[in-house]
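Across the two complexes that follow, subunit A remains constant while its partner is subunit B and subsequently subunit C.
So, the complex of A and B:
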């Protein structure tokens, strides 16, 4: 199976959105594409775990375009597609898709961009796909056509443009000094870049990625964007988009082999993001905005955990976060468009399944056993303890107390008896919540099953040597060690 | 394989709880009893006093989950089973629907008790915590109570986890058996905060009153009788890991327990809610246990465990009676009750036995454990502490009396005696076991040492050898429970006989029979015991001063500080894109410098 199809199929579907929407009626087209992607990723995963696929488009790796389908990329495509379906299949988004073909096109372009980010093996393609994903995201933010959503779209556009500019600067300087943009090639040529240029490269690319991964203080735009784009779309961003940019951050930073000071900075920024995010969420009355801050905080924890050495745990946390946020945002979307915290009052008593799911997802988000959040958090804390110290552990735990205070407010509201809001859930709309629920419970009771996967994924992200071998072929290993030897 | 089945009982409890979520209410109500029967059945099938089972949970060898059985785990599990049994019987007769969560909480506590490593301990601990959080959600009066309970518990869990990670990273193993003194010295102080919080020791007791008053009435009994013992278990574990008896640390904890017992007693006397009184009484009793265990001596730990057993029996008894009375009358305060002895003689006797034991008076079981605790304090030479404990214990008579008088005696106020009925059959049936146990422990106090001595040996202390079941012996002396019981019983029978013989025809008093400063009280004047008693306790010099002190202010301060930080965060997230651009360029510069840009 060709990895390029992950990008080609959504793109093709986007071009043919008009006629295809006649076949896949009622706005189901993006969901169908995600189902196809999930099935394809699922069927590829076992073979990719053994031998990653490196696909050359046009000409061979150093010069041409290559797509690298390693365990990390395929697993994350699988996870993000599955939890993306929850939201693209929601009534709120399907209404948009049904009303206008352009919105279907935008969603499909967004998927193509995200899958492209996961698969691309060279920086310029990554830039292109990031732009595709981001541009479509800006436009999607404006779906609901309200003042808030237009404001969000503009802010997203401005922030995203800054990121693009800096990324492009970084890429230009890299190309100037190394003559290549292939990531595998760069991993061995980066040490030869002069220190002054390297500083520009690292700072520019890190800035761009920090904006995209919503690290503090470069995430000031995030709450407005989430609030403006509405619950279902926020869920999509939380479950899919930020996972792609996190992957990108991990991949690029590991391959570049940055100094320990930058790693420390990233850990610190991650922890700071978490604290500020939780504090920001504490007094929110808008559920979407509250969960947006919470997503920011979780992304911070994942970044801190990954760079503190808990690679596998960070991937588990990414998967867990996708599941939890997809489920929670879907529940808010089901409860009504207003998104205020009060609109959740009493939904647990209206529909027990939704109430139980929301409660379980929130408990998992808080890192309580026996749910998957606990396994991820425990391992991240261990990593932080061994690389930073017990202070970081205490910081994370204090942040999760703040988190508990506002998330439990949601739980209290969900089970409140005097309900003011009138709504009814159709079982057909809620049944899909079983997906995150199963993952959260099964993954929490027996995390070994997930960890055995994520261990390989983490290894794929960290093991630069085998990445080079897989992309450039067997000879590259020797060549690169020579290069390293030459510079030292 | 058979002998490992019993270790898995807590998992069956959790499974029953999850199953209970999907079964009709009437079937779910049977699950606590089914769980108890299952546990006893499995234990009877293969009596296991030791055993171990591990499970590779996360794929990391040092983090394998391990469950073990040992005497100390068994006795705490027995307390859990007893509570669950009484609760299970009583709940058949109630309208509550929290049984599935009770089973989950019980399972969690079981997992924590049977844990052979710290991760299992933590997992069980947290399942217990959130399992007991959910029943609190369904009550309306104080909508923050449930959240406060869970956030406080999570704070305890956070310190516990900090300790666990410190120990785990130092030892590279989480097995309890492999913990050394050095790593214990690192981690156990953190863990202790978690344990003290769960047992409701001051100053970590803030969550207890609201959580107990907001929980369903029968479930409160379960929380007080069973869940608070998880904290005690943890405390015993902690002193096993880190023999703290010689350090200043132990003194601090012992004093925390002592002061808890004193101040909670004051607070209990002032209480107007029946469940509130029992709550503060529970806090105070756990204070004795903490004091005793923190002494770290054989006698102290034995006294602590003995008192824990007694406290379980007494509190499940009293909370169940009170739940039955509240269910029958619909009233929750002392000043709404009165005169119920005519309609609820069985409850009266149950509460009477309960408070005799609670006050630590002979001939019932409560005396033996208090006596052990006093002996331990004397043996240790902590006279000041002994004085405070005895003061607390004596002052406790006041609230004990209020409990029985306020509910059963005097003139009824808001309760309609003509329609009031004895508490439900389920409640009555449930009470037989704790009542019988109180009598049995009273008569054969040292029988419990057949269980306590193996525990003392297990945690590395000298066992306290006993001759016969009736006579309890320590280094300071001995007393014969059976003899005391016979004497009391005899005296009671004689006095009752004399009273029945001499008694003339009695007449009930009414309002007009009372002369009050030359006048008869008006209709509006409250005469019932529950109205005034204890209200004026703040006028006593020392007591009043300390009653005004509260940890509430501190927690409110924490709350407001956090809120201010939250406002600060919102100040940064002002949605101004020009500000964002400024920040972005500043960060770019910073990154450039850190990446070595000026080189």
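So, the complex of A and C:
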């Protein structure tokens, strides 16, 4: 199985979207592509865990287009595809896909971009795939063609363009000083770059990635984009897009081997993002906007956790967050309401299954046992405690209290008796909620099974030496100061 | 002081980038914001070109197989071609969204974007 197919198949499907939509009717085409990607990733995962696949299109690495399908990339493709299906299969998005072929094309290009980010072993290709994913995301934000969605799309486009300018500046300086853009080569040549140039590179790339991963204070556009794009697309961005940019941040920063002060800065930014996100969510009356702030906060916690050394926990938290947000945004989309928090009153009594699922997902988001969120949060807390200190742990717990305040209010609303609106959930639409429900419960009851997997995945992200050997072959034994030691 | 093209170009490109970013940050009119964005993108493109050392180099086309040195680095040129295409797409999409937004609201002023607020 060639990793390049993860990119080629969605791209090809995008170009053939017209005729293919006649076969895969009713807007199912993007979901079918995601199912294929999920099956392919799932079948590749066992072998990739043992031996990562390194594919070079054209010439030999470091020349040519280098794709690296390691455990982290394949697992995240699997997770994001599975939970992406929840949203692409929702009535709201399928209506868009059915009405116009261009929206199908945009969704497929978005998937190609995201899978490309996961698989690319080369900075410039990463930039190209990031732009493909971003450009399609800007246009998708404007799907509903309301003033709010246009406003969200314009803000998204401006934020993303600034990020890409900084990314390009970083890439230019890297190329000037090292003559390569291959990540594996860079991991050995970066320590030889002069300090001043390295400072420019790190600040430019960090600025770009901080905008993309929604870190404070560069995330002011996020809630607007989510609210403007509507619940189903917000779910897609939460379940897929942030996961790709977070992976990119982790991959690039670990391979570059940055100083401890930068790591500390990232942990600080992550914790600050978490606090700001939770406080922002607290005062929202729009459920989509509330969950958008919560996504920002979770991304902050994941970043802080990863750079504090809780690598495996950060991966668990990423998986858990994908599942939970996909489910919750789908429920809001299914309810088909204005999205205001008050309008969710009583949906639990109208449909017990939806109510129970929403409650379980919210409790997992809060990090309560026996759900998967608990394992993630606990291990992140352990990592923060050992590398930053008790202060960071207290900060996370305070943020969790704030989180509990608005999330539990949401739960009590869901089970409130006096319902004002009529809901009609079709069983066929809600049955897919079983996917996140199973993952959240199974992962919470048997955290060992998930953790044994994520340990290997996290190792793939932080073990620079084996990444180098896998990509460049046996010749990659260039001695360098392994700056990653600081993060472990 | 020797002001050759090679020393001036990086400084000039940096100036264009800063000018563009300043425009994005301070302009209120959406179209002016997209013009500023294009200026910044042009600056980035020039930055790539400035590091290829094109002043003394030869065009990187292998006319004579025995000559293998003295060419300019073709890779930044290839990258910038991609970047120009992406930049054009971003500008086109941005202006299309702006046109639609203007159709709806009759304004191009970003400070009047009030639909999505806390």
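Criterion: the second predicted complex is superposed on the first by the 476 of 488 C-alpha atoms of A that agree within 3 Å, B and C clash if a C-alpha of one lies under 4 Å from a C-alpha of the other, contacts with A are read in each partner's own complex, and residues count from 1 in each chain.
The rule we apply is simple: contacts are C-beta pairs under 8 Å (C-beta built on N, C-alpha and C of every residue); 3 or more make two chains touch, one makes a residue touch a chain.
Small disclaimer: the values here were computed from a predicted structure and weren't measured.
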Original post:
Is A:168 touching the first partner subunit B, the second partner subunit C, both, or neither of them?
Top reply: second
Original post:
Is A:135 contacted by the first partner subunit B, the second partner subunit C, both or neither?
Top reply: second
**OP:** Once the structures are superposed on A, label A:292 by its partner contacts, choosing first (subunit B), second (subunit C), both or neither.
**Re:** neither
Original post:
In the superposed arrangement, does A:279 touch subunit B (first), subunit C (second), both or neither?
Top reply: first
**OP:** Check the residue A:150 against both partner chains and state whether it touches subunit B (first), subunit C (second), both, or neither.
**Re:** second
Original post:
In the superposed arrangement, does A:341 touch subunit B (first), subunit C (second), both or neither?
Top reply: neither
Subject >> Partner chain(s) touched by A:159 [first = subunit B, second = subunit C, both, neither] >> reply: first
**OP:** Could you say whether A:323 touches subunit B, subunit C, both of them, or neither, answering first, second, both or neither?
**Re:** neither
**OP:** Identify which of subunit B and subunit C touches the larger number of residues of subunit A.
**Re:** B
**OP:** For A:452, select first, second, both or neither according to whether it touches subunit B, subunit C, the two together, or no partner.
**Re:** first
Subject >> Footprint overlap on subunit A, comparing subunit B with subunit C >> reply: 154-155, 158, 162, 223-224, 280, 283
Original post:
In the complex of these two chains, what residues of subunit A are touching subunit C?
Top reply: 124, 127-128, 131, 135, 138-139, 142, 145, 147-148, 150-155, 157-158, 161-162, 164-165, 168-169, 171-172, 175-176, 223-224, 227-228, 280, 283-284
Original post:
So in the complex, which bits of subunit C are touching subunit A?
Top reply: 17, 20-21, 24, 30, 33, 37, 40-41, 44, 47-48, 51, 75-76, 79, 82-83, 86, 89-90, 93-94, 97-98, 100-101, 104-105, 113, 115-116, 118
Original post:
Hey, which residues of subunit A end up touching subunit B in the complex?
Top reply: 154-155, 158-159, 162, 166, 195-196, 198-200, 202-204, 206-207, 210-211, 217-218, 220-221, 223-224, 258-259, 261-262, 265, 276, 279-280, 282-283, 356, 359, 363, 366, 368-370, 374-375, 378-379, 381-382, 385-386, 390, 393-394, 397-398, 400-402, 404-405, 408-409, 411-412, 415-418, 446-448, 451-452, 455
**OP:** Can you check the complex and tell me which residues of subunit B touch subunit A?
**Re:** 21, 56-60, 119, 122-123, 126-127, 129-130, 134, 137-138, 140, 143-144, 146-147, 150-151, 154-155, 158-159, 161-162, 165-166, 168-169, 562-563, 565-570, 572-575, 577, 579-581, 583-584, 587-588, 591-592, 594-597, 599
